[in-house]
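This report refers to the structure that appears directly beneath it.
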Amino acid sequence: MPPAMPSVPNRILLAAAVALLPGATVLPASAVADPLKIGFVSTLSGPSAPLGVHMRDGFQLAVKELGGKLGGQPVEVIVVDDELKPDVAVTKVRALLDRDKVDLVAGVVFSNVMMAIQKPVLESETFLISGNAGPSPLAGKGCSPFFFSASYQNDQNHEVMGKYAQDKGYKRVVLMTPNYQAGKDSMAGFKRHFKGEVVEEIFTQLGQLDFSAELAKIAAANPDALFTFMPGGMGVNLTKQFAQAGLAGKVPFLSAFTVDETTLPATQDAAVGLLSGAEWAPSIDTPENKAFVAAYEKEYGVVPSLYAAQGYDAAKLIDGALRQAGGKVSDKQAFRKALAAAPFKSVRGTFAFNTNGFPIQDFYVVKAVKRPDGKFATAVETKVFEKAKDAYAGDCKLK
Amino acid sequence: MTTALFVSQLLNGLQLGVILFLVAAGLTLVFGVMDFINLAHGVQYMLGAYLVAVLTAWTGSFAAGLLLGLVGALVLGFVLEVLVFRHLTRRDHLEQVLGTFGVILIVTELVRILFGSAPLAFPTPAVFAGSVTLLPGLNYPVWRLVILVVGLAVAVLLWYLVNRTRLGMLVRAGSTHPETVSALGVDIDRLFLVVFAFGAMLAGLAGAMAGPLVSVEPTMGDRILIVAFVVVVIGGIGSIKGAFVSALVVGLVDTLGRAFAPDLLKVLVGKSAAAAAGPALSSMLIYLLMAVVLSVRPSGLFGGRSA
Amino acid sequence: MAQSVPTPRRAAGVRLALHPAVVGVLGFAAALAIAHAGGSVYGATLVARTALLALAAVSLSFLIGQAGLVSFGHAAPLGIGAYVVLIAGEYGVTEMLVVLPLGFAAAALFSVATGAVALRTRGVYFIMITLAFAQMIYYVAASLSAFGGDDGMAIAARSTLFGLRLLKSDTGLAMLAVALLGLALFGLDRLIASRYGLMLRAGRANEAKLQALGLDPYRHRLIALAIGGGLAGVAGVLLANQVEYVSPATMNWHVSGELIVMVVLGGTGRLAGAVLGAVAVTLLDETLGHFTEHWKLGLGLVIVAVVLLRGADLKALLRGGAA
Amino acid sequence: MSAPVLALDNIEKSFGALRVTQGVSLDVRPGEVHALIGPNGAGKTTLVAQIAGALRPDSGRIRFRDRDVTGLGVAARARLGLGRVFQLSNVVGTFTALENVAVAIVAAGDRPFGPWQPALRDPALGDEAAAALARVGLADRAETRASDLSHGERRALELAMSLVQDPKLLLLDEPMAGTGRAEGERLTELLLSLKGRVPMLLVEHDMGTVFRLADRITVLIYGSVAVTGAPDAVRADPVVRKAYLGEEEAV
């Protein structure tokens, strides 16, 4: 079959190609003219919606920049809101697979949603491109040839802060995360590289509003640093209250997914100077990144976050792979091979895939700053890991 | 050091308590006077925070923003009452639950369309930023003290209004003997309108007070609503005194529970068991409290009437 | 419902054919058949999901509409049923004929244990104490780190039926869900008309009178809670199989609220109303959700409109219009 | 003479500083109609609530059929045979008249959990209920919803509900209140037909009915018993005339 040339009108070419296939006549004629369908799963309602909105906007920005096409193919992106409820997500993903017959599924902010939907998606041998969630089972024993992550493995941004605390020579650290699996994983990730004393592990309620009790405890413990993981609204609450409690500037604030561009518009000055582990920041100095940040700010009026960058990269990854695979995903072997080569320029700079479908990339400590134009953003403070691989790839049997 | 920690946790608990009281007060009044379940009360808390945040940014002054915001919350309370709630007052509780749930969806979604899902900036007013030293080793955020003072002032004001004014007498009578009030020739609909709008304003004030502490986003009212209901029910429906006492108790139990329950468990059942059970236990403490109170006193602490 | 003796009896056949259980089952079966004929796998998914949600709503409607017990914690027995599938699966038990009664029993046990305390209260206090118990079990589930903690966990495999993998396809699951819904509607309807149901309904309508007649309906209500909770547990067993994933999110109070919305939207007077409510909410979600990210605005408007219109005195409106 | 069916011994009840029941003692003998009268605010409603078991007295004892029932609740006393007709008609409004009577039969102990079949299609239950309705003259109203019955009809229905329970004492709380003249007359006839078979404690404002029905009358003033005696003696009592009948005639 002839490879699809980007310059040739694809539909006609594809139609011709399909018509030549034996048995193609049994296909409904409309299927031929149908654009490539991508189901995009994101959290768009509830307190965690800003993360999902950024990820979706990043993805759609890339599609828009590419003229509504990926790999030269016209695409239809069907966005669904998982409401951060696994059972709702599964039902909606089944609709994407069975009713809408999507060719690809992308997105997913939260790991519990990812763990719930990966089964139906991967069992139907549909490719799943994560825009954020990177739970350890998918990186290790449960890895799949149809799964690729355009983000990171969950532990990594926490490991960054552990390594940073170790390098800084901090001796006594307090850890605080919400009481759920990701919180426990976060502490484990931090401790992988941190060898000093953990004075206290504080587990808070998920969605907690008031951190006064915990902050008083931290003040009393007077540690060398605080490491915390408070995604979304919890991060806003904690950051504001941390500043008010007078701890800012006294206790170094090390975090992951707590201080980023989804929360900075709300926390503003209270967050300036706080540190976070990330694989991307708007300040990364590559032409692709500069263009992305500028375009995103122009389009949506806010500074992009890492979720936006990952969404953008996910679209670019699909675009590149489609180009290599001749504009179609039906030859799964070929498309997998194309994806694994990561044929795109990531806004992060270096980006390659490990055997388990997770990226090999650099990780940084970033710091919240107020930019000269008055907007708040994170900026790279220091690079902690170079071309890092996740800790679970060894358990993955894929080659 | 330990004393300082304990005192600061006490203050934290009281401060959470007065915020809960501000939300619960309107809820319990509307509940008591009109036997009306208003799930949308949390939305009014959210609207208060949004109004004050936006108006503060617009006027450049927190005082002006707060004043205008409270007036706005009052007006929105009137509007919602006239548009929806007044048509639900004589209906079955379940219809009220359903109708006000619909209002939550509508208002939350409208706010999302207008302001987006992202949390809004609501900085601490500059005058009240930072913290003061109360005791040696005890630095306490000024804003939290402000909340404490405002909450207690409102409690005193409410006590005066309810116990010393004609309006208050009607409210009290209305919560126990609604037919008597109508028999007195009082327009119960107008009484409800006033009480409702006033309650909405108090919820708005609570939102504005909490704004500098928490993430100001469209669903911020959901969680506080459930806790406010817990407060109202523990205190006894319709009782301002009950709401006040139970708000403080719930605030203290929640805060002290989070602060000390895990450590206490460590001593009692050992470290690993405590690590597993501690956080779950401190999360459910207020619900446990409610279940215990209601099983002993099925109409709450100060409830005269079971609604 | 309870038709009384001297009324001319309709032919038994006609009565059976018009029974809401039969109508409901036929309706769902037709939907399933159409979906199947159209080759839509998702149609079967949708029918399965709607039927199991309808079952949960019907069990709540039995409590609210017949027993007068407004539970704001019905997500708890639903979630318990789901967790039974997960936990039994981890111990190698996957047979539906075992899991289903187990789910019923576990959920019923929870409902009775908490109900024994909750029934001391009335009205809004009852609403809130049921919420409290549901929140507690929610936090317990979220702390079960062996079963995924807050994230939840995928079930090993769907349950088998008679040792066969009949439920692997959503069509099979949908048929089971529809059959169970029909059975529940039929059984509850019988129960409502029985002496027990008569006492239960009298207790809801006028408890003081029932007391004065010498009957304290406490035991009747406890049994109602066991039945309603147990059926929600059955729905939970089906839910876990449909989603193949179990998480504490199922026990969130939002879910309890949504079930109440379904029941009240469809009308509390009849069990069949809950089925209509469940269908309406699922379809609204399905259609509006496809058009706009802000579909909840539409849902809210529909809910408020239904409530306000239902309250309006339509006769008076018509008279006013004619005058 | 046999022991009284109901005996109150020195009942006391206060709400705060207000003593609403002050040392009340009275009894109802087998077969008699004992009327309890008194001006508004005399504490009749509170006393009825204590007899029925809805309120617990602060002190004193209540004996019913030779049992101390002071500590028992409403349902338990009802099961012992205390039938009650409420001041405001108290039936299940959404049920038909027939269903209401069926409720009473089942509540009285006809297998409350019953067999697995529609209750009203059980002839044993349906026929008994229909017969009870016929006895109070409501045979043709069996299928009418109770809320659609007239005031008097609802009273009759309530009476039917009490009678199927084979009561050992009927506690009638102002049965004539709110009924029209003709309805009241029919109800009085009905009560007269029961007289001698079921002992009754009749709380009533309508003096005509009281003097037609009562064997003895107790007058309650300010929470305490002013006088107990035969109708003629009570009518002649100067205290009663001054405090109660005079006032009543003035109205």
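Chains here go by letter, A, B, C and D, matching the order in which they are written, and residues are numbered from 1 within each.
The working rule: a residue touches a chain if its C-beta (ideal position, glycine included) is under 8 Å from a C-beta of that chain, and two chains touch if they have at least 3 such contacts.
Bear in mind the structure is a predicted one, so any value in this text is a computation, not a measurement.
Peer 1: Spelling it out: a chain qualifies if it touches subunit B and also touches subunit C; which chains qualify?
Peer 2: Common neighbours, subunit B/subunit C: A.
Peer 1: Any chance you could check whether C-D or A-C wins on number of contacting C-beta pairs?
Peer 2: Spelling it out, more C-beta pairs touch across C-D than across the other pair.
Peer 1: Taking CA centroids for every chain, report which one is farthest away from subunit B.
Peer 2: D
Peer 1: Cα centroid separation between subunit C and subunit D, in whole Å?
Peer 2: So the centroids are 42 Å from each other.
Peer 1: Nearest whole angstrom, what separates the Cα centre of subunit A from the Cα centre of subunit B?
Peer 2: Computed value for the inter-centroid distance: 36 Å.
Peer 1: Please tell me the distance, in whole Å, between the geometric centres of subunit B and subunit D computed from their C-alpha atoms.
Peer 2: About 47 Å, centre to centre.
Peer 1: Enumerate the residues of subunit A that touch no fewer than two other chains.
Peer 2: Residues 44-45, 179 of subunit A each touch two or more of the other chains.
Peer 1: Can you pull out the residues of subunit B that are in contact with at least two other chains?
Peer 2: Subunit B, residues with two or more chain partners: 112, 279-280, 283.
Peer 1: Go ahead and list every pair of chains that touch.
Peer 2: A-B, A-C, B-C, C-D
Peer 1: Contact residues on subunit C for subunit D in the complex?
Peer 2: 2-7, 190, 193-199, 201-202, 205-206, 208-216, 220
Peer 1: What residues of subunit A sit close enough to touch subunit C in their complex?
Peer 2: Answer in residue numbers: 44-45, 79-81, 84-87, 90-92, 94-95, 97-99, 111-112, 115-116, 119-120, 179-182, 184, 206.
Peer 1: So in the complex, the part of subunit D that touches subunit C is made up of which residues?
Peer 2: 52, 73-76, 78-79, 84, 86, 90-96, 98-99, 102-104, 106-123, 125-127, 130, 142-143, 161, 165
Peer 1: Residue numbers of subunit C touching subunit B in their complex, please.
Peer 2: 64, 70, 117-118, 120-125, 127-129, 131-133, 135-136, 139-140, 142-143, 145, 253, 257, 260-261, 264-265, 268, 294, 296-297, 299-304, 306-308, 310-312
Peer 1: Show which residues of subunit C lie in contact with subunit A when the two form their complex.
Peer 2: My answer: residues 40-43, 45-46, 49, 142-143, 145, 148-154, 170, 239, 242-245, 247, 249-250, 252, 286, 289, 293, 296.
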